[in-house]
Amino acid sequence: MNRDWIREKILAAKEKKKLSWEELSKQTGISEVFLVAVCLGKAVPKKEQADCLCNVLALEPEISEYLQKPVDRSWDKQIPNDPVLYRFYEAFGVYGEAIRELIWEKFGDGIMSAVDMEISLEKVESSAGPRIKLILNGKFLPYKKW
Amino acid sequence: MNRDWIREKILAAKEKKKLSWEELSKQTGISEVFLVAVCLGKAVPKKEQADCLCNVLALEPEISEYLQKPVDRSWDKQIPNDPVLYRFYEAFGVYGEAIRELIWEKFGDGIMSAVDMEISLEKVESSAGPRIKLILNGKFLPYKKW
Amino acid sequence: MNRDWIREKILAAKEKKKLSWEELSKQTGISEVFLVAVCLGKAVPKKEQADCLCNVLALEPEISEYLQKPVDRSWDKQIPNDPVLYRFYEAFGVYGEAIRELIWEKFGDGIMSAVDMEISLEKVESSAGPRIKLILNGKFLPYKKW
Amino acid sequence: MNRDWIREKILAAKEKKKLSWEELSKQTGISEVFLVAVCLGKAVPKKEQADCLCNVLALEPEISEYLQKPVDRSWDKQIPNDPVLYRFYEAFGVYGEAIRELIWEKFGDGIMSAVDMEISLEKVESSAGPRIKLILNGKFLPYKKW
Amino acid sequence: MNRDWIREKILAAKEKKKLSWEELSKQTGISEVFLVAVCLGKAVPKKEQADCLCNVLALEPEISEYLQKPVDRSWDKQIPNDPVLYRFYEAFGVYGEAIRELIWEKFGDGIMSAVDMEISLEKVESSAGPRIKLILNGKFLPYKKW
Amino acid sequence: MNRDWIREKILAAKEKKKLSWEELSKQTGISEVFLVAVCLGKAVPKKEQADCLCNVLALEPEISEYLQKPVDRSWDKQIPNDPVLYRFYEAFGVYGEAIRELIWEKFGDGIMSAVDMEISLEKVESSAGPRIKLILNGKFLPYKKW
Amino acid sequence: MNRDWIREKILAAKEKKKLSWEELSKQTGISEVFLVAVCLGKAVPKKEQADCLCNVLALEPEISEYLQKPVDRSWDKQIPNDPVLYRFYEAFGVYGEAIRELIWEKFGDGIMSAVDMEISLEKVESSAGPRIKLILNGKFLPYKKW
Amino acid sequence: MNRDWIREKILAAKEKKKLSWEELSKQTGISEVFLVAVCLGKAVPKKEQADCLCNVLALEPEISEYLQKPVDRSWDKQIPNDPVLYRFYEAFGVYGEAIRELIWEKFGDGIMSAVDMEISLEKVESSAGPRIKLILNGKFLPYKKW
Amino acid sequence: MNRDWIREKILAAKEKKKLSWEELSKQTGISEVFLVAVCLGKAVPKKEQADCLCNVLALEPEISEYLQKPVDRSWDKQIPNDPVLYRFYEAFGVYGEAIRELIWEKFGDGIMSAVDMEISLEKVESSAGPRIKLILNGKFLPYKKW
Amino acid sequence: MNRDWIREKILAAKEKKKLSWEELSKQTGISEVFLVAVCLGKAVPKKEQADCLCNVLALEPEISEYLQKPVDRSWDKQIPNDPVLYRFYEAFGVYGEAIRELIWEKFGDGIMSAVDMEISLEKVESSAGPRIKLILNGKFLPYKKW
């Protein structure tokens, strides 16, 4: 039993039950982005979340236990080149310094946490076609001055 | 007259007038993140935006013209290491694949544009301290099938 | 069933039927470059295209379904060194900035989409030997100004 | 007198005369992409092209001579990150192997020359907005078998 | 007035007054590591700290104001090779995963903040010669589960 | 019998006995960070430590012998990107030069050994939540002057 | 049947027949460097060459067919570090620009083709020991001026 | 007086005297590739060569002395991207292992020296246009077995 | 039969016979560093050395034959990070240019061969503990001037 | 007054006095490699060494003071490519693991210090020409077991 094996197990169960992420999110009450990250092995759920997820997918309790263990969140490509992933990288390459200026002005010397952060994604229809609204909600962490 | 010289010119004028980005955004009607990106030389304003900006900051019209030219949006550090910038990079290293899964489910085979994209930033107060809400709103671009 | 297995399946069927890409393109009505990219797992066909392809190659319907799923378009070598691939890379290293200047002049501040893009390839005979005519047809995407 | 100085000289003359690349191309009879590459210092014109260019821009004959010298065509960023340049790189990362398959099928074992190559760019209007048609026309070079 | 100029200004004033970092720390009441980081331009002091520092070093008030601005904390060598700096990097290359295991066991799924962190350094004499005791005191940040 | 196999063996035995690292440290008298590093294959115990560890975990004596052999302490990612590991790297990217300044002032020209070094980790409760106190205790090594 | 399998097949047949490359070259009439490159999977022979090679080595005709297919000529180490391979790399790092100057002077603006190129290697005895004479014979390709 | 200054001095003198490398080689009796390498600062001449070179170019004797000093032969781009330089790199990426096989067969375990090496370049006319014949003549260095 | 298999074979035989490298060196008459390099597959012995080694270790004659074949001496980590290996790298990063200065002064323009080189290692006791004396003895190779 | 300025100062004084490193070493009593490293800014002398050096070279006492300050020993090229420097790097790439095996056998789990290390260089004449004998004498540092 390891991360890859569990990941395959979960995706197979989801496929077999013909559940979309959206439906799985509704049935488990786990937020969508977080739910997918948990299933891909890039996030760690609370006990009740893990239990519920295994319940809905009819997976054995050992998987729930495994999912609750802390996880190495490393990724492979330091510079991503899949086009979907690259666009996020590019957006912050282009606008990152501008965003930092505004964080500095509105919050002071500190960062936006990538740990105490929630992410959500919405579909917004427009006349020119659908748009993706991606919301990052992270705690501001002021730099310690000691 | 080049990008660096203009950038210094604008920042000095803003400092002299003791304008915050927020105030400058209000006086020019240009959205905050976009406004800062324009001033840092990472975005190109519309003619009326550039004119208005130069007007408010009392800068010569040549600067407005220069600002309207297309710009090389390259950045230096392929892997950013300033902690503020790194956190954005990390957020997508950790959650990028989960977000991609949801884009695929909700929109199909395509990407979130980093060109037809608006970004905004809000301050959200919470009992545990302020949070940063960063909203990326990008057009979904379906892959051409030909 | 995964991408590599399917790729081998398709190439074997094509070889067995002694079909060239050109013939397969004609029989399926799918454009050549796009057809090959689909078979190599770097592009996603429409339902009717996938069904037709599996039909012509006498492959099971599950393969058609799998082919229609969105795909990770990552590639391995950030700097390609196979000579055929390198020449494309070099052409844009040498002429890329010149092309960008012309895009800026003719279209304004924006990019040539690599997502809403069609590519085709023709053989052109000349007295000094055959030439390759490679046509990239991509939508111009103007930068959002907000 | 060096490449950078000449580049600035040419761009200033072009700006002063309010000539677009298109007009300069027409007046000199030099193809657009090639003309810009020459002016940016990434290509070397024929004597008559260089003389004509200097004539039209009213530049001294020494510049024409300098332009005719062979040039180092190196570029800085091994992995480009300006969004315009990156899209070309991505297009070949995604579709490069498919194109190579077709070159192999139609031409045999060899490459598309990046030296004996012409590039042109056209604007194509469509109902969904303008498209960029980029044409690379390169000699096929078969691998020597000895 | 920029970071480098201010850094030189501060170091020259410190040298002229023949103050050690230890003495400067005592006179300003600013913790040693933080004090040096501020002077090197890698940390941002509180207003009273900056004022006091400029006071002790007899520097103009503008420098105090400048020091209080948020700062880009980037560093040059992604893999440091000065032997002093490299040893820190190596220590975490070798023991980092072991430390992570213990953080996971004692604190759960989360990280040790590098932002809400204090660092101090002590000299410890031993029979085999002096030892350096380096203390990193960082807030534990649990991963958000949402 | 190799490092990976032994590592799995040890972790499985520890899991089966439901021992935490803290308990295992107490039962073996081996310091926590060092104990974990030994079990992960990044450190080499003394004979009595290895024997005791195998004893407590009921592992065969051959494992004790193997553990006492010198080990290659290489690591994979030159720039770590797991968030826990990255924070250590970042802390020294930001504060490393400040720490070096203080080592130079207090100890002279030399380094803090990463070989003759002990590391320990403590949990410190505070009103704002738990903090991690990480103590690196390394011998100062003066540069040989010959 | 794939490249690696075929490579092993060929080398084993050559070893079994106790043929040197020199003898194999004589028996097949294929030039030495090209012959070895074909056997290592870095070059593609003509039909008659492939047939002859398989004949001499008593290999099945399918191998001849496979050998005639175009091949990906990628290599693994962007910067080679085997000492034999590195010396070639170093020779061009040191003398490459000098050679380019002479190509420019004698041939004009263009390159030495690495595709239409023959390589041969001779042993030259000298009083100070044997020398290697490596001859690269490549077509000059002038840059297209269009 | 430094390498760059001397390089410019030499190139200017050569240009003023309208000497080609070929003529300079004849007048000084220094082999062409070596001569250019000396002038570019990538090789060190013998005293009589340096004196003769300065004589022919009417340069002061101090330059001759400077040229005779050993030189750092570093180069900038670990992976060259100027097309002329890249082709050499590619030739050895593709054929390097084949050449190594032949060195091993004909000479045994050792390398071709890049230090005790002479390089020459010839123009060879052919019906299909001129060819470049590049000859590397290096001493075989057997590996010490001790 | 390949390098890795042989390496394991040799190490197992050495372990079974409880021979140290020192003893094996004495019994075979092969110098220690060279002996280990041969066994690790990074050096090639003479016939009599290989035969003797296989004799002492009671290995089959085929292994002796295999050991005598030339070997690819590549290594994996361009920048080593195991602490033992890194210190060698660091020593030459810090003192390399100083050593080069002295080679230039004492020997002239040339290099210290890494091919015609012997390495030995001695243990030297001192009051402050044992020291490692590592002796590199390499032929001076003067640069060819042609 | 900074490192580069001082380096130039020292080298100029040495040149003016026509002193070789060997003579300077004798007159100052400082070991050769260390002396050169000090002058290049890669090592820090003792007070008496620095004073003596400045005395012999007739340099002002401020330079002696500056030389005694600790120094950043960083180097530029992570992978050196000057041929002299590269050979050292290659020697340890090829033989490093063999040397490590012997350190482990003769000394146990630990490293050879690159800080408490002396290096010397001798010229050894042989019938086949001069050889360089490079001696690294470093303290063995056993890994702390705690």
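Letters A, B, C, D, E, F, G, H, I and J mark the chains as written, and numbering starts fresh at 1 in each.
One rule holds in what follows: a residue touches a chain if its C-beta (ideal position, glycine included) is under 8 Å from a C-beta of that chain, and two chains touch if they have at least 3 such contacts.
Since we're looking at a predicted model, the values are computed, not measured.
Q: If you walk from chain to touching chain, how few steps can bring you from subunit D to subunit F?
A: So the least number of steps between the two chains is 2.
Q: Using the contact definition given at the top, which chains are in touch with both subunit H and subunit I?
A: Looking at subunit I and subunit H together, the chains touching each of them are G, J.
Q: For the interface formed by H-I, which of the candidate pairs I-J, A-E or B-D is equivalent, sharing more than half of the contact pairs by residue number?
A: So the equivalent interface, with over half the same contact pairs, is A-E.
Q: If you tally the C-beta contacts for E-I and for G-H, which one comes out higher?
A: Of E-I and G-H, more C-beta pairs in contact link G-H.
Q: Using the average of all C-alpha atoms in each chain as its centre, how far is it in Å between subunit A and subunit C?
A: 31
Q: Would you kindly tell me how far, in whole Å, the mean C-alpha position of subunit D lies from that of subunit A?
A: 43
Q: Using the average of all C-alpha atoms in each chain as its centre, how far is it in Å between subunit C and subunit J?
A: A distance of 56 Å separates the two centres.
Q: I need the residues of subunit B touching at least two other chains; which ones are they?
A: 34, 43, 73, 75, 78-83, 90, 93-94, 111, 113-115, 117
Q: Go through the chains and record each pair that touches.
A: A-B, A-C, A-D, A-E, A-F, B-C, B-D, B-E, B-F, C-D, C-G, C-H, D-G, D-H, E-F, E-I, E-J, F-I, F-J, G-H, G-I, G-J, H-I, H-J, I-J
Q: Which stretch or stretches of subunit J touch subunit G in the complex?
A: Residues of subunit J touching subunit G: 79, 81, 83, 86, 90, 93-94.
Q: Under the definition above, what is the set of subunit F residues touching subunit A in their complex?
A: 77, 79-84
Q: Applying the document's contact rule, which stretches of subunit C touch subunit A when the two form their complex?
A: Subunit C reaches subunit A through residues 72-75, 78, 114-115.
Q: Mind listing the subunit A positions that touch subunit B in their complex?
A: The contact residues of subunit A facing subunit B are 20-22, 32-34, 36-37, 40, 42-43, 73, 75, 78-80, 82-85, 87-103, 105-107, 111-114, 117, 119, 121, 123-124, 128-140.
Q: Where on subunit J does subunit F make contact in their complex?
A: Residues 31, 34, 43-46, 49, 69-71, 104, 108-111, 113, 115-118, 141-146.
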